[in-house]
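First subunit A sits with subunit B, and in the next complex the same chain sits with subunit C.
So, the complex of A and B:
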């Protein structure tokens, strides 16, 4: 769901509009990048194309909404706790629970399928996707919306020299940067190196004493954490109005980001996410005059059009790894 | 001591690859396991290191014990922890990672491996020390083999299994690898050496087994094997007597004349 656009002050110059839209695009790109990272980590370490990624994102967003809105935890115990801090704690708990959901999915549905063709496993993930989406849909109520709150305020816009930036944009961009730094550091730890080794050559990694099962579980936990973070941010205004039946589909829009970046590239997921986010917002804004011809929903098509263009020119994506060979 | 007795391994529930294989690796010795392609040498290693599952293989009979305890039901991780590591055929280094990261994967079972552990490997392989920040995929074949051996040593094994370490290497490098294996053995590590290069393997091993179609067809001290007429003809490419032989006269396991070295 594209959400609603930010209204400009009358005096904004065209450059200010450009910068505002750029930051808007980067914020959207951050969500795509976080979602794409989760997908790529699962794919790289377990060779599973998880079509359930969007549903896991929706589960994460639902959990956050449940903690924030339904039971107001931990805010109900500490009335003086600032809303933003209370939200962050709730969201962190939701993310941890989502990690557990990811591990359960891996253990129940993916582990028994190890060694089966990639296509069969992808079909299973489609099944998981339908189950989770139905589950979340029922919890919210058909057609319902469950708010995750607006921790950074809907209208709390920071303005300097005509550039308008909602605080939530800053929050999501900072989160994306933190996620990328955390991942870079993680992949240098003992477990992170083991995960990369397993992704490269599972049998050779097992021969070093690395437990492939543990790495798979960890990859799904990490993937679910990133999906949940993406899902939560996609449910906060102005991207969305809360968790709905459509939250899972928002995550699907990160799929073009993965294709553009290259299915198995961590850096590609980040770059792809930002390319899609920025171009979606920018083209959406500058092509708005043509909305009569192109139709109002045109913005939603931009990621897929870009994906198709990229598939024609570079089928393996921007950063799709070329195999390292000795010359 | 590693003892494999009457081992039977079946792939995909139908393909019988090992049919009653028995070998022993006493502590502190180098034991060679020789045989032609398809004899079941690599399958033997997979069974010992718990990696049969990756290839849909199962142990249907027999047992493997290591230092008195059965390990045939154990997973690869606990087998490595118990002190058995292997250098896989074809080196299998993690090509996208650096030399140092490759060594770190080898030390996975030893949380917080000290710098001295790395230094030991770098001392043994100065070529790796020079290239520790380089991507492993760009190393030469010989350097990659050294990296694979160094990686296996990181787990501080008591038994090192090497699968065809001389494969695809120049004769000079083969000599170097041979010396490295002797050096490793002198530090008290037992070695099970799987080779097609019988000459190289028997020259450093104290004992040797010759495998054909999933079982041991001949064993003995390496001196005895080196001097054996059949071994000389079929595994070392020598014709002791210089006479022509009729294939009708030789035993079934000798018919499969394969490689000469």
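So, the complex of A and C:
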């Protein structure tokens, strides 16, 4: 590796650039928040920390890419259908199939482990992660890339007084807001209340006639839906350029978000996601001149450095429930 | 430590390990040929290696041809050390299949060389330096020469053995050191121009184009390259041309394309480069990258507001990028260089290539890489025929033939090649320029094209070529432009 220096002819530090990067960070944070919500819903409902979350995200992204690129569905049947709408339909179908994958995982691998040590279940999810990643990797091929298309167009940008906003950023922020609103409304429904009750006290909920098994299945389906949405957006430029062997690892960068927000906090997942996303983009931009010292890939470490800092200072995160132990 | 803390610790360790390791079987080195875009799924055509034992030189009657390793009364065996299942397999599978088609349908079908059939002995190196060396050792005693050795560091790793075994190899790599006998010992015979001269030539081309379209103003140039003998050899050439032409380099990203995970170039990896590009606001960006890196960098930079034109070293672009989300941007802003014409270009040699490959692989899509394999085989055929004509098909005879064949005609598919004389006299300086055209590519069927449907297109519209701008034409080539030990040797 040769010595190198990042040379800037112009140092970009104007307020416009700040706002541009802030929106960039919020867009990235939206993806992290969506992924983190999936982690938290599964953990809160079933006390399982799913290390297969990234692999499920990759499955969802692969399914979307398969529909969009490989078979061009539904676009092949409706040539006049706008590309963005065709993509959204494909993505929705992919998300629904991913929900099914989540339910199958829960039924086959997780439910039989109820009552077993949590570490055993965590190991099971690591095994599922490896299986799913291998499966997706084989479908894509070594070193391969399967495009999910460019539903909002790489060249589609809006500028306001020097603030540059790719339309995909707007799309993902709106999606994150929609997801949060949908979850808030869901938790007010009868089944949503049942899920919250089960998360709060499983035995009491079962005594009230709530089927814990169905709630577990629903939690895994919801988690898979959120993983798939995050996986799809992480495969769209500028975050990614299609589904690759690395798609599953992107989701793991949301893990620090749930640590920062609190492992069992829905609100914490959202806040943690935005903290991580904005920090990553802002620090990546304003410290770029120091990349010769910090290393070119230093922005990828930012989420983990933040996580370590929070673990040291506030191990239960911003909104997490502190466990009270008798001594 | 309570359960939750334990889970967090396990998760943290898992996330770090997963993020750090990923799929470690990918491309771990600098250099090289084109693509990391989705490889073709067709199985490579692999000739069964023969088991011929080393022999002593057969002393023939005065009017016959003498031979030893890799040649017998009936066959001439040539080796191919190709990446058939690694990150560049999308390119090299096509190259190898084109070579095999050439040997079978053009050479062997017409009587072979001196009555002997040419038999390719193919090994998959997986684009791994260690495997490359192992496969070389495995087949070196069976072959008279290597008509393909994929990768710069891979070929460099076997240079000492090539010398010990006194055997010729054609690298599938365009490092300027291959034309430098001090570097390769005279055993590597490159095809086409090299990264350095390409950088000089194409930089002047883009400067001319920009000046013509902007009332003589010079472009503000940015350079973004990989580290090592691929990226920095090219950077040396581009910087030399920029110096000579008075062009300001507003962002110097030489060696800044670095992967934190060997399996994938991520947006996080690209952040410092994109930040630099956005701050520098160049008119033109020069890339020396892998196609997947081109996608991340170009897509990210455009979405960060960079409005430059782009071009780069040949392997930076793969027509299969038109299948990706970048297709529209490539059509608008990218200029694709090449060492050969692209598939379907109207040149005399194209008819033969397309007819043979269509017959052999009717269900495959068109590929520019077929032309690389075809020209490799043409060059090796010319060398072998010269050796046969000289009555010496030993390895030394083949090396002598390579150094004495006056011209290897390519029928317009690529610049004619020779290795006679001083490197400054014979090194190829010609390049071709193409414009990616998503509309033409899509109209022809895009990724669903089949050779049996017609000539087809890789979406590369011919712009100019072969061309040599004055700086490249007059450049005194005395050796590698960049070496690991000395760095940039031509432009400081």
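In this text, the second predicted complex is superposed on the first by the 308 of 327 C-alpha atoms of A that agree within 3 Å, B and C clash if a C-alpha of one lies under 4 Å from a C-alpha of the other, contacts with A are read in each partner's own complex, and residues count from 1 in each chain.
Note that in this section a contact is a pair of C-beta atoms (placed from the backbone, for glycine too) under 8 Å apart; a residue touches a chain by one contact, two chains touch by 3 or more.
In this text the structure is predicted, and so the values were computed from the model without any measurement.
Q: Between subunit B (first) and subunit C (second), which does A:153 come into contact with in this model arrangement: first, second, both, or neither?
A: second
Q: Which partner chains sit in contact with A:209 here, subunit B, subunit C, both or neither? Use first/second/both/neither.
A: In the superposed model, A:209 contacts subunit B only, not subunit C.
Q: Report for A:174: first if it touches subunit B alone, second if subunit C alone, otherwise both or neither.
A: neither
Q: Which holds for A:259: it touches subunit B only (first), subunit C only (second), both, or neither?
A: Touch status of A:259: second partner only.
Q: Which partner, subunit B or subunit C, is in contact with more residues of subunit A?
A: Touching more residues of subunit A than the other partner does is C.
Q: By the touch definition at the top of the document, which applies to A:200: first (subunit B), second (subunit C), both, or neither?
A: A:200 contacts subunit B only, not subunit C.
Q: With both complexes superposed on chain A, which partner does A:237 reach: first (subunit B), second (subunit C), both or neither?
A: second
Q: Under the contact definition given at the top, report the residues of subunit A touching subunit B in one complex and subunit C in the other.
A: In subunit A, positions 323, 325 sit in both the subunit B and subunit C interfaces.
Q: So in the complex, the part of subunit A that touches subunit C is made up of which residues?
A: 1-2, 4-12, 20, 49, 51, 54, 69, 118-119, 122, 126, 137, 140-150, 153-155, 157, 159, 164, 166, 168, 236-242, 244-246, 248-250, 252-253, 255-256, 259, 263, 280, 284-285, 288, 291, 295-297, 299-300, 304, 307-308, 311, 315-316, 323, 325
Q: Considering only the defined contacts, which subunit B positions touch subunit A in the complex?
A: Against subunit A, the touching part of subunit B is residues 49, 51, 54, 56, 75-77, 79-81, 85-86, 88, 92-97, 101-102, 104-106, 108-109, 111, 135, 137-141, 151, 155.
Q: Touching residues of subunit A toward subunit B in the complex: what are they?
A: It comes out as residues 115, 190, 193-194, 196-197, 200-211, 321, 323-326.
Q: Of all residues in subunit C, which touch subunit A in the complex?
A: 2-8, 10-12, 14-16, 18-19, 22-23, 25-27, 36-39, 41, 85-89, 220, 227, 232, 248-256, 258-261, 263-264, 266-269, 271-276, 278-281, 292, 295-296, 299-300, 302-305, 323-329, 332, 487
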